[in-house]
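Note that chain A is present in both complexes that follow, paired respectively with chain B and with chain C.
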Partner chain A sequence: MRKVLAIATAAVLMISAGPALAQTPTPTPTPTPTGQDGGDDDLVIDLEGGRSSALPIIIPVMPTNAVTGTPAGSTDALGRQLSAIIDDDLRNTGLFKTVGPNAARPIGYAEVNAPDYGSWDAYASQALVQGYVRANGNGTLTIGCYVYDVASRRQLIREGFVVQPSEWRRAAHKCADAIYTRLTGDGPYFDSQIVYVSETGPKNRRIKRLAIMDQDGANHRFLTNGQRIVLTPRFSPDQRQIVYMGYENKRPAIYVHDIAARTSRLLVPDVNLNFAPRFSPDGRWILFSMAKAGNTDLYRIAAGGGAAQQLTTSPGIDTGGSYSPDGSKIVFESDRGGTQQLYVMDGNGGNQHRISFGGGRYATPSWSPRGDLIAYTRTGGGAFRIGVMSPAGGGERTLTESWGDEGPSWAPNGRVLMFFRAASGSGRPDLWSVDLSGHSRRIPTPLDGSDPSWGPIRP
Partner chain B sequence: MAKILTSMVLGVALIATAGCTKKRPETVLPPGDGPVSNGGDTGSGDADTSPLNEQFRREVASDTIHFAFDQYDIDPQSRAILDSQAAWLRAHPNTRVTIEGHCDERGTREYNLALGDRRANATKNYLAAQGVSPARITTISYGKERPVALGSDDQSWAANRRAVTIVIN
Partner chain C sequence: MIERRDITGLSVAILGHAGLIAAIYFWPWHEKEKPLTPPEPIQVTLADDVGLVSAAPDPSDQPPAEATQGEDVPDDTDIAPPESAPEPKEQPKPTPPRTNSETSKPPPPANRNQQAQQNRGNPRPGLNLDDSTLRGNGPAREKTDGQGTKSQATMTGDALMNITTAIKRQVQPCADRQVVPAPEASQIIAVVQLKLRPDGALDSVRIVDHKGVNESNQRYVARVDDAVEAIFAACTPIRGLPAELYDVPRGWRSLKFNYRLTN
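Up next is the complex of A and B:
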């Protein structure tokens, strides 16, 4: 089954035509500098400020033109759920202070396109999300996503999404992404998926299964059955495949899982220990580590299989390779200097140089899809931390610290990370996300969770 | 990519009620269903209980040696253990062994896979130097996936930094 989008960037339904047609979208604003108020009438979030400058936004229940039963539920119930998802998405960033569907007064269908600005002044909010739900004759749903600046009394966003009922949640994420992008200037990330390792069972015999879910934990499903250990899954750029390490018949190896076909194939037929796989940004290569007689080096192999090409030769452990977004460079960890530190090299293995020089150990580097930062795990002094630094080295910032924070993976917009946090004693891990502002939260999973990999924004 | 998407959406602000796409409903894989599962393996840990391996464990000083934090060198105490293992393996020349390398939970996952491989190979090399053919020895690293001691304390971590020799036939 092909992976086709079920969300159409739809023609926007106008409730009353005329004036709205004349409105053209304004360009995405650039963020204001740290510590400054916007000053003009543009609604913009101070990106570096985090929670203290959270932008107030009202998200009433989305009305429907006619209450209609659909496979996803009746349209009036959907309106409440869609608003709740948008509320969750925005509030969970730490950048918005929401007045959600339970707190905002209900709006009428005709009001969607003609906001009663005066009635919202009492909410002391700045932005207003008015959407609607409509069941179409052909079985699809249209979800409108209109956003207004309450203070300047003008429309900021006018979008509509046509979806199959089975993918109604994606319309809410797309709407939240449009709001996030318009008001922060950063790229979208709500309409994306996570692949991770679902864990259960006693500490000395954990059952580990690959699982996939939406970024907010919805639509969770398992991909493997737990009969063998599976580790470190990562999405292919087209999201159709997942590369991971698995122990099959006591032979650890790298496999590629086809999501639609539900099959896994062995990628590297080799007697040595192969692990730490990751796709190149163009999807043509898979970077991985191979341990031969106690020495671990980085290799790459065509994603379809073939002969592996060796990229590093140092005596020591070279692992955790991650490509820069343009594919020209690779960041990896190596203990060639004594303990784990981060190094950057060209895609062919040339020009290897160290970029981390702080105390402790640096591991599991991940190059931001935006290219501007490298996230990593830093251990030492009894703590595991998630941090970021410049690809040139320097500019180090620690985002989280606990007994066991490990394995950061970037959201598609390059400003949010997901990682896992293991508990001392039980060792049980949970998934967490952290914004570059430092705002962090736990991601709900049915069982314990580790090794998250954040997929690209869905097409 | 983000910019493209947004502008694409905004670019089609038209009066229309049309629904554009309708596509497959994706089937959901039920929990427990899985693709690659022939010959399941949850990792042996130290749970091999074949009669021959039981005999091996009774007749050698220990089937397990331990390592210092982030180290893989064989200390004198481990040498004595491995000497007894080598003697047993020389006396049973038709046997084969797997050496499992393990780590404590205070390293990152991928590094620990490599470190476990180092420990298993250091053990293999020592046995080979004592006259056990390397062709009889396979190695496997479990990293930090299969601890024997369940605490998060120095004593547990020391117990988990280990290489285990298992006779497989």
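Up next is the complex of A and C:
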């Protein structure tokens, strides 16, 4: 019986498995590698291609694992705001064409690290930003920042930031910085601050105050009350201090403002006219100009105060000194040759030589943090324009075409400049930024703004 | 006359058949099949929690682990993969190709490569990428070992040019879509080793060298590499290449590109 059952079972199995067996493909021999693993025998193809246009990128609303109330607002509202800030940061560079949180389809929390690439193909975008917001038990927020290459289906960035609720905007800037750095190759600059001179009032009674804000204009606050006119503020490298020129009793002098203590101290207790201060890259020195006996020269003084050391001695006005990023050289403007031109010298004042030879005048030089360019204001034909040139001279490029642009200050990445532009007619100044590609935009300020100084990336 | 012994035997036979039919009918075949179970959910492990400097947590509800600022981002391998699917049953190993004398009936051609193999004995020097070539009327192949074959075709100048043109025509649109981050990036040439499968699909892409890199454009190297990945991911498989010239010296199985990101 057992034998009969076995035979019957086998027969049934044969019958039921018949179609499956019939569908099993007959194994066929396939070509196997013949040892060609790539080498000098390879077919070589030269390929060139690319375009100079904004990089398309999608930035959906950042989802949250649970809607939770925080001092900065509910986590779902924060997700939308964070995405909007990243969208603004990237779009305002002129280097990205964004599909922002209002246009991109919403994503789920579980999708953040498992993107549905196929669903994004219709957007014809190259990059995709997916982040999330999570309220932690200790009162902090975690903001995740993931970036994907839509074409190659690859993850490019996987970062996250834990911040206090009061600093949630910084997490958005950090995420935008990571994206900008990865997709452009240039360094970050969104999580940085600007100090500038806020102006208001009629021309003959102008009130000028020190003000500080994030690079996008947010978190604006005044540092001085306007009783003293202030000019040319400059950040210290550690961002704790600002050196500036202030008029006390109608007499200009150099002061150092402590941001945390909100106090200012006189740096150079000298009866002579002192102006145009700027920190050295290591923060130990402050470079400035002093007018003495009819001659203006460059000096340096320890940031904590002390005796000033004279660096130039030539007749004429030497001013506007700016250190190279390694501190070994200084670029400055001088009219020793008859017109205002740019000169470079060693950090101790030696080896002075002229680097600008164009028509008109060159002023307010600023050495790029990258070290490869010097920005300046060039005047000629009644117009003030922002330009850049090589530290060795030559390679000049004019970046702006307005008539009243001056006072360039480099972003921490050495690719973007901030300057102030006088409006035609009223002459009221506003802050503007310009990318080395020429893309420029106005920076929003509550009042008029001039003399911007861009601080380093925040830690 | 039916004897008692016959009746007994017939009865046993009838009962036996009835039992067999009942056994076949009621045998619990389905009990041997494993019940379908839903796949295990992906276990997501929270990566090290992060400071404001750099880190990369996963979006998980689990409490964060201790972390220090500036800690390296853990790899995605921290995320446990789903349970692996059961191993498929081993398929019969392909038998070595037989010679004409060994086989009574050649197998039906499954693809161009196989078609080309049938044209054994009709080699011709050089190739043009005309229709006859693409239909498989190209050169014959010779047996190289017990597992595969190698084309006897050789790459001529015309074929080389035609293949180069065909490949460039198909990848150029994807190359043109890449954004040039800065003029300095155009000085960089990425030397790319590309491996294609017989159907033209991408097997691997590897950047083996960079030329023209200097201090001012070093920061754009990663972006150029991204462009390479995107180009060959988006513009493959490459269609219409002659199967005969896939695995020959200077064939299109392995290609080298000198790629420049420029507009």
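Here is the rule we go by: the second predicted complex is superposed on the first by the 404 of 459 C-alpha atoms of A that agree within 3 Å, B and C clash if a C-alpha of one lies under 4 Å from a C-alpha of the other, contacts with A are read in each partner's own complex, and residues count from 1 in each chain.
To be clear about the criterion, a contact is a pair of C-beta atoms (placed from the backbone, for glycine too) under 8 Å apart; a residue touches a chain by one contact, two chains touch by 3 or more.
Predicted model only: the values in this text are computed from it and were never measured.
Enquirer: Output check: A:Ala54 vs chain B and chain C. Expected answer is one of first, second, both, neither. What do you get?
Expert: A:Ala54: touches chain C, not chain B.
Enquirer: Would you check which partner chain A:Ala302 touches, where first means chain B only, second means chain C only, and both and neither mean what they say?
Expert: neither
Enquirer: With both complexes superposed on chain A, which partner does A:Leu183 reach: first (chain B), second (chain C), both or neither?
Expert: second
Enquirer: Looking at A:Arg205, would you say it contacts chain B, chain C, both, or neither? Reply first, second, both or neither.
Expert: first
Enquirer: Looking only at chain A, is it chain B or chain C that touches more of its residues?
Expert: When the residues of chain A touched by each partner are counted, B comes out ahead.
Enquirer: State whether A:Glu248 touches chain B only (first), chain C only (second), both chains, or neither.
Expert: Touch status of A:Glu248: first partner only.
Enquirer: Look at A:Ser289 in the shared chain and tell me whether it touches chain B only, chain C only, both, or neither; answer first, second, both or neither.
Expert: first
Enquirer: Considering only touches as defined above, state whether A:Ser424 meets chain B (first), chain C (second), both or neither.
Expert: It touches chain B, and chain C stays clear.
Enquirer: Could you tell me if A:Thr377 is touching chain B, chain C, both of them or neither one (first, second, both, neither)?
Expert: Touch partner of A:Thr377: chain B, not chain C.
Enquirer: Touching A:Ala84, do we find chain B (first), chain C (second), both, or neither?
Expert: So A:Ala84 meets neither chain B nor chain C here.
Enquirer: Chain A residues touched by both chain B and chain C?
Expert: Shared contact residues on chain A (touching chain B in one complex, chain C in the other): 1, 4-5, 8-9, 12, 24, 28, 136, 142, 158-159, 162, 182, 187.
Enquirer: Under the definition above, what is the set of chain A residues touching chain C in their complex?
Expert: 1, 4-5, 8-9, 12, 24, 26-34, 36-39, 41-55, 65-66, 95, 109-110, 112-113, 126, 132, 134, 136-137, 142, 144, 149, 151-156, 158-163, 167, 170-171, 174, 182-187, 372, 436-437, 459
Enquirer: Of all residues in chain A, which touch chain B in the complex?
Expert: Listed in rising order, the residues of chain A that touch chain B are 1-2, 4-14, 17, 21, 23-25, 28, 136, 138-140, 142, 158-159, 162, 164, 166, 177-178, 181-182, 187-188, 202-207, 209, 219, 221-229, 231-232, 245-252, 255, 257, 262-264, 273, 275-276, 289, 291, 293-294, 296, 317, 319-320, 333, 335, 339-340, 361, 363-364, 377, 379, 384, 403-404, 406-407, 412-413, 422, 424-425, 427, 451, 456-457.
Enquirer: Where on chain C does chain A make contact in their complex?
Expert: 16, 19-20, 23-24, 27, 47, 49-61, 63-64, 73, 76, 79, 91-97, 107, 110, 113-114, 144-145, 147-150, 155, 160, 163-164, 167-168, 171-172, 174-182, 185-186, 193, 195, 198, 216, 219-223, 226-227, 229-231, 233-234, 246-247, 249-263
Enquirer: Over in the complex, which chain B residues touch chain A? Could you list them?
Expert: It is residues 1-3, 5-10, 12-37, 39-45, 70, 72, 98, 105-111, 113-115, 117-118, 120-122, 125, 139-142, 145-148, 150-152 of chain B that touch chain A.
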